[in-house]
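Below you'll find the structure I mean.
Chain IDs A, B, C and D follow the sequence of writing; residue 1 opens each chain.
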Amino acid sequence: MEKVIPIKVSKDMKVKDLVDAMAKTGFGARKIGLAAKIAEEMFSDKECKVFLGVAGAMVPGGMKQLIIDLINKKYINVLVTTGANLTHDLAESLGHNHYHCDTWNDEKFNKEGYDRIYNVLMKNDVYGDLENFFSLNWDLFKDITKIKDLLSKIGELLPDNSNSILKACYKNNVPIYCPSLADSGIGLMIWGRLAAGKTIKVGAFEDMNDIIDFSWVSKRKGVIYIGGGVPKNFIQQSLQFSTAANYGIQITTDSPAGGGSSGAPLVEGKSWGKLEHDAEYVDVLCDATIALPLIFSRFL
Amino acid sequence: MEKVIPIKVSKDMKVKDLVDAMAKTGFGARKIGLAAKIAEEMFSDKECKVFLGVAGAMVPGGMKQLIIDLINKKYINVLVTTGANLTHDLAESLGHNHYHCDTWNDEKFNKEGYDRIYNVLMKNDVYGDLENFFSLNWDLFKDITKIKDLLSKIGELLPDNSNSILKACYKNNVPIYCPSLADSGIGLMIWGRLAAGKTIKVGAFEDMNDIIDFSWVSKRKGVIYIGGGVPKNFIQQSLQFSTAANYGIQITTDSPAGGGSSGAPLVEGKSWGKLEHDAEYVDVLCDATIALPLIFSRFL
Amino acid sequence: MEKVIPIKVSKDMKVKDLVDAMAKTGFGARKIGLAAKIAEEMFSDKECKVFLGVAGAMVPGGMKQLIIDLINKKYINVLVTTGANLTHDLAESLGHNHYHCDTWNDEKFNKEGYDRIYNVLMKNDVYGDLENFFSLNWDLFKDITKIKDLLSKIGELLPDNSNSILKACYKNNVPIYCPSLADSGIGLMIWGRLAAGKTIKVGAFEDMNDIIDFSWVSKRKGVIYIGGGVPKNFIQQSLQFSTAANYGIQITTDSPAGGGSSGAPLVEGKSWGKLEHDAEYVDVLCDATIALPLIFSRFL
Amino acid sequence: MEKVIPIKVSKDMKVKDLVDAMAKTGFGARKIGLAAKIAEEMFSDKECKVFLGVAGAMVPGGMKQLIIDLINKKYINVLVTTGANLTHDLAESLGHNHYHCDTWNDEKFNKEGYDRIYNVLMKNDVYGDLENFFSLNWDLFKDITKIKDLLSKIGELLPDNSNSILKACYKNNVPIYCPSLADSGIGLMIWGRLAAGKTIKVGAFEDMNDIIDFSWVSKRKGVIYIGGGVPKNFIQQSLQFSTAANYGIQITTDSPAGGGSSGAPLVEGKSWGKLEHDAEYVDVLCDATIALPLIFSRFL
């Protein structure tokens, strides 16, 4: 049996060393440490393709750069995320920012034109610039049939120096799947065009084949789920209908007991054929904005 | 100031009376009681249209009948839910059941052909029957352009005595929106047809106009969010781009602190223009399988 | 395998029937139903002594009457609770009330003399009356050596018609253990006397023998833990140093993953010898103010 | 308004720099960063006395060394903790260890003599050595009247090189308050002596005066609450009956909505007079084993 080693921290300690030390403690810190180890195995396995699922407002939460850096360093093969994250990413690419708010008055924010996301604010006028973007570029979108191609086209259109998830995926040829894109600001901008009489050919089911095919041909697979939601489930079902994952890291604050997919521990996936019986995996019950920098700093 | 009245329960007490008594206690019980009161106001307001968003595996969790009964009693005008819930609903309509499991061994379940959803099991062979359903009826789906019309057609096809959410919505002319239908067993069945060379015309953004239009023309609105996720967000954004809600009930176990939409308290919606400044609303932090029967039994 | 039966609720449904129906659903509702069944077994087992541990502010939360009624009906043999609960119970016995507050401004409450407990308020002037009570009755306390005897004496002193946990325990000869009584308003009142030069003989460890002895001589045992904390742990360690429990119900919203006793699932107790290997038990992840009336109404 | 700055991590990044960068992000990471800033203010304020409340099994969780180092560096003036933490600390001082367990079988652990605390194990035979310790040293304890003096005596008795919270507090003259010491392994060992006919003079209320007095004479105060429980409440009530805190950091995973003290946000303390209206404070919703090293590494 392995002993718990009390963690010894110091002012000049590196994050990597802290996380290695956490692996020797208990409770959640142990799990942060195990997640970093599993990420090391996942990323150093040459046969392994990595599926990253990102729910939750990770861009307003300040996690954009970390995701971009993982993509630029070629650690990620498939990204599945929410329309909200991509909308925030696009808004920042168009020059907008998010802002801190440690206390709040939502009626006042409404009057002043700010939208609140817990302790972060976005200016409501981002929608004007988003609308311009889609209005100006509509002709380039109108014949696209897949959501991932639409997102790739948006990435292509952004300035080359754009510090954006959409741009990083475009440059690195990482497909972005977003089955619920209609459920987002980007979706709303497209609705605006449709309401103005334009048409679009993007199908609701056209992307499924690509992700399931890619899962089929990937010999070994690693999954990283942040926050659960549609991104997790869309990867999980692609594994279910191809072959199971060999590595898994889940970061969520949801409880398993409610029965929802977001809180379901990875081990449940074994019953569905989504996780190999001999897989390496860990469930980290932690705010992703805290866990992500700890687990992934060593790779960046 | 109103006094807290210690709750007095008894063996013959009715649920309705319990919930009325809960409204006079503190903490979560108080909120269950307030939710029932707000539901009464929402349902008795003749001008008010009710948007119900259902995330989480409410069908395996045994909440199907309650949702059906609310629809049959005309309390619900719009349903937004996940593909998973509709897949489970369809599977039960095709003769399948869900099963209890109070302890678990996921590797054994996998070998025996059971898929686990926390303390509930589904037989993996439901997928065979789902596939048959879509294979047999494909010609009826192939020219449909909207997800809600596809779901309505499925409802139409189910036997008249089918005890199903899909059927109840069809019969009562309640539209079902499901922006992430691709992310579900139903989506997988459609993928199966596409992979076999069939085509489908359902667009990714075609439903948005209908729900936003309906929100625009509804003078007053009530929202009921179970579990958050895409269903909540899709309703919220439709309100944001039309007019805000007058009544709100949210049932979730997610914490606000993670920054995700599922745990975001309703009041946050005021900043976005999703909730009227003078709205009646309550956030219930409770497992929905416990909260739903308490709050809604009085209407059924 | 047992099928999940969708719950059918109706306006005249009794709580008992709802809970029986919940036992046939999934997720948390299933657990509420199982808890009621285990309570039935526990309460109908003639050899079984019941240890109730109550943490959390259950008196401000409106659960006082339910606890009193369980005691008066002889379902409870030992009560372990926090000093806070007993302080609130005593304050109500002295004529004070708790009040609703659904929104809050803590600085304003402070200026107006209200102390907030989530969505409940207490007037700060309760402390004056508590002080009088201890000042007037001090001579009756000064030679007591055990916390449980001190609490029994307080119960004895309350008016006969006092609707109080302290009184109910006194009348029914149910010992109240409260190892952290110093950590409460009652403790503060005693400190006030000591600071004024009085003395008291109550020992910090004197109660342990009684509860461990009682546990030793009880052939079979049931435990009900509300909220965890010291009350749960004090019962658990008494079992550990005598014999394990045969029945267990735990109601908490704490996550197991943090490693604390409050969130630790009952099964963990098997390793410690606190729970029999063949025990009937269930962990209910729910706000106790919602779960308690559901589980226990059938007995009252 | 301050912009959210996406966090940029790198393999050689120091923990301190990570935490400073977290302060510029959103959600939980923002709060970790704010907590470190508040700790800097608290620790550099010469007039400020620091009260540390530690609930939860922080010793098995591997946080012992960090707490010892904070004490040795003179950052802590008063420690309030649970008997469980001190028991684990004493067990390690007597040569025992804790062990990892990432999967579990509690019946097997029971047979093999291991007690489980989530993902950590303790050998059940620690109790034998604890018993010997108290048996051998009983004469030194028998005339002590205060819990804090008993704990100080235990610290004194441990070998000088003992890497222990008890020893560090003894050496640095930091009082340890533990109002529920009876509720712990140390309590059980004392019960064992009492059951064997020994006597002890430690009073249940004798420590209160010292902590309240110290709070009275401290011009400015900072509180750090880990996990809530009795340690938090005992400090809070001491502030309530003297003067309020000027700085506050709370680390817990408990939800406020249940009404318990452990999850109550610090701001609630303003209504009670436990927190100054102009205090600097932050509530960190995070597993303490993850949050503590992040927040405090810069001081060690």
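What we mean here is this: a residue touches a chain if its C-beta (ideal position, glycine included) is under 8 Å from a C-beta of that chain, and two chains touch if they have at least 3 such contacts.
Keep in mind that what you see is a predicted model, and the values were worked out from it rather than measured.
Visitor: By mean C-alpha position, what chain is farthest away from subunit B?
Guide: Centre of mass proxy via C-alpha means gives D as farthest from subunit B.
Visitor: Centroid from C-alpha atoms only, then distance subunit C to subunit D, rounded to Å. What do you get?
Guide: 25
Visitor: Taking each chain's centre as the mean position of its Cα atoms, how many Å separate subunit B from subunit C?
Guide: 36
Visitor: Just curious, how far off is subunit C from subunit A if you go by their C-alpha centres, in Å?
Guide: Going by mean C-alpha positions, subunit A sits 43 Å from subunit C.
Visitor: Counting only residues that touch at least 2 other chains, which ones in subunit D make the list?
Guide: Those would be 26-28, 31, 57, 60-61, 117-121, 253, 255, 257-259, 285, 287, 289.
Visitor: What topology does the chain contact graph adopt: line, ring, star, complete, or other?
Guide: complete
Visitor: Which residues of subunit C touch subunit B in their complex?
Guide: 1-16, 18, 21-22, 24-32, 34, 57, 59-66, 69, 97-102, 117-121, 163, 253, 285-287, 289-291, 293-294, 296-300
Visitor: Which of the residues in subunit C come into contact with subunit D in the complex?
Guide: Per the touch definition, subunit C meets subunit D at residues 55-57, 60-61, 84, 104, 106-107, 109-110, 114-121, 124, 147, 179-185, 187-188, 190-191, 194-195, 200-209, 212, 227, 229-230, 233-234, 237, 240-241, 253-262, 264, 267-273, 277, 287-289.
Visitor: Can you name the residues of subunit A that touch subunit C in the complex?
Guide: These residues of subunit A touch subunit C: 26-28, 31, 255, 257-259, 285.
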